[in-house]
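These are the structures in question, set out in turn.
After this come two complexes, each holding subunit A, first together with subunit B and then together with subunit C.
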Partner chain A sequence: MKRGNEATNSHFPKAYYYLQRNYTLQCLKIAFIMVTLPSDMDRRELKAYAFLLPSILLAAVFAFYPLARSIIGSFLTVSQSGRILGIAGLGNYISLLHDPAFISSIGNTVAFTIPFLLLNTSITLLAAALTRKETRGTSIAESIFIAPLAFSLSALALIFRGIFRGSVSIASRITGLDIAWLEEPVSAMAVLVLMGVFLDFALDYILLLSSFRSIDRSILEAAEIDGASGSRIFLSIELPAAASMLHTTIFIALKDAVLISAPVMVLTGGGPFRSTETVMYYYYLEAFRSGNRAVGTTIATLMVLSSAVIMSLVMRRRRNG
Partner chain B sequence: MKIGKTLAAVLAMLLSAALIHAGGSSETGTVTIWHSNSGAVGNAFEEIIDEFNRTIGKENGITVESIYQGAANDVLTKVKATANADISSLPDIAQLDATAALDMMNSDYLILPDELGLDTSMIMPSAIESLMSERGLLALPFNASSLLFYYNRTLFDSLSLAPPETLDDFTAIAPLLGEKDSSGRITRYAFAGVPATYELCAFIGAQNGLSYLVDEENGHLGTPRRVLFGEEGTFRNFLVHWKALCDTGYVSNITNDISTEFAAGRTATMLASSSNLSTVMSKVGGRFEVGTAFVPKTDSAATGGVNIGGGAMFAFSEREDVKTVLGYLVSEEVQLEWAEKTGYMPVNTGLYDSPEYIAFLDSHPQFAVAMAQTEASNPKVTGAWLPSAYQLYYSFQTEIRNVTEKGKDIDEAVADMEAAVQKALDDYAAQNLNQH
Partner chain C sequence: MARIIRTIIIALLAAIMLFPLLYAFSASFFPPEDFTASEARFLPSHISFRGYALALGHRYFGRYMLNSFITALMSATLRTAVSVLAAFAFTHLSFRGKRIILTALLATLFIPPDAMLYENYTAIARMGLLDSYAGIVLPSIFSASAMLLTMGSYAAADRDIYDAARMDGTGDLGYIARMLVPLAAPVSITVFIQAFISSFNSYLWPLLVTVRPRMRTIQIGIAMLGFAEEGEYGAQFAAIIIMTAPFLLLLLAARRLIMKAISGGIS
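Presenting the complex of A and B:
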C-alpha cells in the first residue's frame, strides 16, 4: 500500500528535475553519437556521456516513461485491471474538476501548506540562528534538533496519534485544553501541520546551520571591529549570506507540503469528515483503493503541470534575484 | 582468470535462481491467508490457525501461513494491486468484507465456493444471503457480525430506563442519559459517533420493512446503476429523526476511538459491530455492566432489522488443500471457539442446538443479542455493495455532520449525498461494465 504510494509520489519532483536539466536533449545527443560512431568524436566527451548513461536510463524508465503513460492515460477510459476501454478526451478532467471532494482536497492542501510553510520556515530559521555560533553547549542542542531525522514517518505518525487521541489525551492533559484533537477539522489540521514541521525540521535545520557556519569569519570579525552590534551583523551579513539556502529550504518545504500524503494516511486517514484529505491522499484513495486509474492519471498529470508552473515561477524569481 | 569468470557465471546463475524463487508463489502444501484480524480477534484467529497446523494440517501435509494485512479495506487494496501486477502472487485465501464484494464479483480471478465444491448447506442463511450475487455465493462466510446497540447498563438501571426501541424514544431519554458539570460542560453524552455506510445499511435498510440504498438489491443482483435512498425518501427520513436526536445536545460527533469514550463512561451508548463485544467488555473491565440491545429503529415502520456484516473467506486458488482449510474454518469446533473469543456470530447452524453454545449464551447474555436480532431481521436486508466504499463512508459522515452541526438543509444534504454516490456508480460502470 505504502510502497506504491511513495513510488508514485516521488516521480513527480524527479520528473521536472530532469526536465529542468534538459535530459531529453542529452538523450537525443547520445543517440546521435551512437549513430555517428566511431568517426571523429572527441573521446573524452564520449566518455562523459557514457558515465551519464545509467542515470539517463533510470530517468527514462522511472520518470519519463511513467510520466508519458500517465499523460496519455488521463485522456482514456481505463478499466480497473488496466484495459483501455475507449477515449475519454477531456472527460476525466471535466469530471474531476466537478467532484466536490477533489475541490475540497485542493482547499485542504492549501490550508495545510500556508501555516506549514510559515511555521516551518520561522522555527527552523530561529533554531539555526540561535545555535549558529559554535560553543560548548550548542552540540547538545544540535543533536536534539537533528534527532527527528532518525524517526520513521509511520512510527512518528502513530506516536502523534497516541498523543492526540481522544479528549482524554496526553496533549489535552499537558495543554489543559479539553479538545478531542483529531475529531475537529481545525485541530486535526493543526496536529497535521505540527507533525509536518517535526518531519521537515531536522533536514532544514542542518542546511540552514551549515549555511550560517560557512560564512567567512574574517568578514564577521571585521564588522565586529567596526563596532557593529550582534543584531546588525545578523541582519546585514549573516541572514543575506544564508538567503539562498533559505530559499532552498522553503522550496523543499513547499514540495513536501503540496505532495503530503503519507502522514495523512497514518495520522488522520483524511478525517475527520474528509477535512484533512489532501490532493495526494485523494489521489491515493482514487487510484489505489478504488482502482479508478483514469482519475489517478488525471490527477498525476495535473500535479506535474502545476508543479512545473510553480517550479518555473520560483526559478525565474531566483534568477532575477 | 578463467576460474574467476566461471565463478562469476555461477554466482550470477545462483543470484537469478534466488530471484526467480523469491518471486514464485506458495508451493503445494502451503495455504496462504491474508486476513484483517487484529487485537483480541487477531489472537483468536492465530490460535485457530496454529491449531490447524498442529492437527489436521500435520496429518494432511498442509501448512497454513496467515498474514495480517491491515484492516479489511487494506486487504482489498492489496489484493487488487497484486491481481493487477502479478496474479500468481495472490494469496490462496483472503478475508474481505462487504466493501470488497463488488470488485470481487467483477473480477476474473475469484474462485467461488461452488467451484471449489464446498458444502455450504450448514451455513447461516442470512450470512449466505449477505454474500449472494449474480454469480452465486461469492465467498465462504467466516466472521459474521451485525450492528449492535451498546449501552451502559448500570446507568440505564439506575435511571430505570430500558434501551430505546426507536430514534424518537432515544431522543426522549437522551437528556436523562447525558450529564453536565457545574460550568455547563458536558461530561457524559447520550450517544457518541457519526453513522456511516455500515450503520445506514441498517437505518435505511430496515425502513418500510425492507429498503435498499441502491438498485439491484444493493448491488447483489448486479452492478448497481442508480441511487434509491434519495427518491425513496429513506435517507431524508433518517436525517430528520437523527437531527432531532442531535438537537438534544447530547450527541458527540466523534469518529474515532468511540469504544474508548464508552469504556471511560463519557458516553452512555454507542453503535458498533457485535464483533467488538469481547474487546469492549475487556476495555470496560467491570467498571460498569455492558448491555447490548437491538439497534433503534428509524421510526416505528422500520421493521426490517439489521443486515449481516463482518467478513468472509474469498478463495483465489482451486487446490484441494484450500478446500480443506476452508472446511476447517467453518467447522463447528472452530466457529464455537471463534464466537466465544470475539463476539462474532457462529456461521455454522449445527452449533445452534449444541449444549456447549447454549450454555455459553446463557452465561454471556450480551453475546446472544446479535443472534436474536439477526433472527428477528428480514434476511433480504443486506449490506450495500458500493464502489469507492472508502470515500462514500466519509461522505455519509460529512453530510450527516453538515446537517446536525452546521445547519445544512436536509434536502440539500440528501441531494449532495445522492450525487456523490451516483457519481461513484457512474464511474464504476464506465470502467467495468463494457468489459463483459
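Presenting the complex of A and C:
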C-alpha cells in the first residue's frame, strides 16, 4: 500500500520533469502525430491548424507584429534606444505635418506619380494594343517588350546612371540636349520617371496583352463579318473587355509609385538638393540613418493606410467587374 | 498604310525598350578611355575584354551570385511549400475559425512590406539573424497572393480523388505530394518562378540585413564591387551583363510559359 502510494506520488513529478526536459521533442512528436494520423473530426481539425501554422506564424511575426508596433509607436514618445518615454497622442502626426522635409517629400512623390502613371499607362497600352493580334512580327516585338523583365532594379539603375552620367552623356548626345541629367531637379525626376516605366513596363504589358488575347475570337470575327472597322472593333469590343485589367494595372502602378523608395535610393539618392526625396525614401532615411523612430513609425502607419485605401479600390472594382 | 505606321511605332517602342540593354552590352566591351571621351560613344573604339576579366576576377563576384541563388532558391521553395499547405487546408479541410484565419491572412495584402522595413529589421536583429540566409529569406516566405493563387487552382481539384485516396488509407501529406501538387503543377511553377525572380531581384531588404561582404547578394554587391569608384565602368557593365544574361536567355527560351505564369498571377 505504502509502496504503491510512493510510486504514484513520484511518478507524476518525474513525468513532468521528463516532459519539460524533452519539451521540444514532445512538441515535435505531437506535431508529427497530428499530421500523420488520419482519424476523427477533432484530430482532423488540429491537422488543419498544423497545415496553416507556418502561414499564420510568418504573417503574425513579419506583418501583424510590425504593423502593431508601428501603429502603437506612432502614438508614443520613444527614445533613440527604443525606451518608451511617454504618450504623445497625435503629437507625432502634428509635428510630422510641420516638418518641411516631409511636406516636400509628399510633393516629390506626387511629382513622380502623375507623369509616371500617364507615361506608363499610355506606353504599355499602346504596346499591348499594337501587338495584340499574333502575326509573324509580333513574337519578335513581344520578346523585346518583355526583355526588361530580366533586369533587376540595381542593374537597371546602374545602366541608367551610365546613360545619363555627367554632361557629355550618351543621352545628351542622342537628344541633343546639353544637360547634366542627374544634377538638375527637373531632369533628375524625368530620369526617375523613365526608370520607373522601365521597371513596370514588361509586367503591365504582359497583363494587358493576355487580357486582349483572352477575348473570345468568335465575337471579333462576327463583328468583322458585320463590316465593323478595325478601330471600331478595338474601341467598342476589345478596349472595354480589357478595361478591368487596365484598371488593375493602373492601381497597382499607383500603389508602387506612392510607395517608391528603392529606385530613388539607387538612382539619385534623393538628390539633387533633395528634389527626388519621396515619402518612403524619407521614411528610410529617418528610420535607419537618423534613428528617428517617431517619424519612422508615423510615416509607416500613414503609408499602410494610404496603400490600404488604394488596394481596397482595386478589390472593389474587381469584385464588381 | 495603317500597317506601316503600326510597324514604325512598334519598332520605335522596341528601340526605346532595347536601348539600355544594348548600351550596357556595348559598354561592357569599352576600353577605359571610351568612358572619358569628349564625345559620348555608343560603340567601343576597339573591343576590350578588360571589363569581363576584372568582373570575373573580383574576389566577391562569384560569392555574391551564389548568395543570390541560394536565397532565391530557399525563398521560392519555402513560399511554394507554405502556400501549398495553407491552400490545401483552406480548400480540402473544414475547421473552426476558417473564415477568420483566411480573412486575417488575406489582410496582409494591405500591409506594404516596405513600410514595415524598420520594425522587421529590429525583429530580425533581435532574433540574431542579421548576416544570415535565414534573415534574408524569412520575411519574404509567406505571401497572401501566392496562397490565394494556389487556392484558386486547388478549389477546382476533384474531391472524389481526395475521398478515394483517404479510403485507401493515404494520408493527407501523401495525397498532397502524390496527387494534388502534380495535378495542379502549373500553379506551383507560377508561384515558384514569381518568388524566385522577386527574391533574386530584391534590393532594400538584403541591403539592410547584411553587413559582412561575404553575405551580400549580387543586387547590392554589384554596386559595391568598387568598379565605379576606380573609374572602371566597363567592369561594372560586364558584371551587369554576366548577372542578367542567364535571366534574359531563360526569359526568351520560356517566353510563353513565363508570360502565362505572370498573367496567371493576377487574373
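By definition in this document, the second predicted complex is superposed on the first by the 251 of 321 C-alpha atoms of A that agree within 3 Å, B and C clash if a C-alpha of one lies under 4 Å from a C-alpha of the other, contacts with A are read in each partner's own complex, and residues count from 1 in each chain.
As a working rule, contacts are C-beta pairs under 8 Å (C-beta built on N, C-alpha and C of every residue); 3 or more make two chains touch, one makes a residue touch a chain.
Every value quoted in this text rests on a predicted model; they were computed, and no experiment measured them.
When both complexes are overlaid on chain A, the residue A:234 reaches neither subunit B nor subunit C. More residues of subunit A are touched by C (comparison of subunit B with subunit C).
When the shared chain is aligned, subunit C comes close enough to touch A:130, but subunit B does not.
By the touch criterion defined above, A:75 reaches neither subunit B nor subunit C. When both complexes are overlaid on chain A, the residue A:51 reaches subunit C alone and has no touch with subunit B.
In the superposition on chain A, A:262 makes contact with subunit C only, not with subunit B. In the overlay built on the shared chain, the residue A:168 is in contact with subunit B and with subunit C.
By the touch criterion stated above, A:288 is placed in contact with subunit B and with subunit C alike.
Contacts of A:251 after superposition on the shared chain: neither subunit B nor subunit C is touched. Once chain A of one complex is fitted onto chain A of the other, the partner contacts of A:93 are absent, as it touches neither subunit B nor subunit C. In the superposition on chain A, the residues of subunit A contacting both subunit B and subunit C are 82, 168, 288, 293. Residues of subunit B that touch subunit A in their complex: 70, 73-74, 76-78, 80-81, 83-84, 103, 106, 185, 194, 253-257, 260-261, 264, 266, 387-391, 394-395, 397-398, 401, 416, 420, 423-424, 427, 430-432, 434-435. Only residues 35-36, 38, 44-45, 47-49, 51-52, 54-56, 58-59, 61-67, 69-70, 82, 123, 126-127, 130-131, 137, 141-156, 158-160, 162-163, 168-170, 172-173, 198, 201, 203, 206-207, 209-211, 214, 230, 245, 248, 255, 259, 261-262, 265-266, 280, 283-284, 287-288, 293, 296-297, 299-300, 303-304, 307-308, 311-312 of subunit A touch subunit C when the two sit together in their complex.
The part of subunit A that touches subunit B in the complex is made up of residues 1, 4, 77-83, 85-86, 95, 99-101, 165-168, 178, 180, 182-183, 270-274, 277, 285-286, 288-295.
Residues of subunit C touching subunit A in their complex: 2, 6-7, 9-10, 13-14, 17-21, 23-24, 27, 38-42, 82-83, 85-86, 88-90, 93-96, 98, 101, 104-105, 108-123, 138-139, 141-142, 144, 147, 166, 169, 171-173, 197, 200-201, 203-204, 208, 219-220, 222-223, 228, 233, 236-237, 240, 243-244, 247-248, 250-252, 255, 258-260, 262-263, 266-267.
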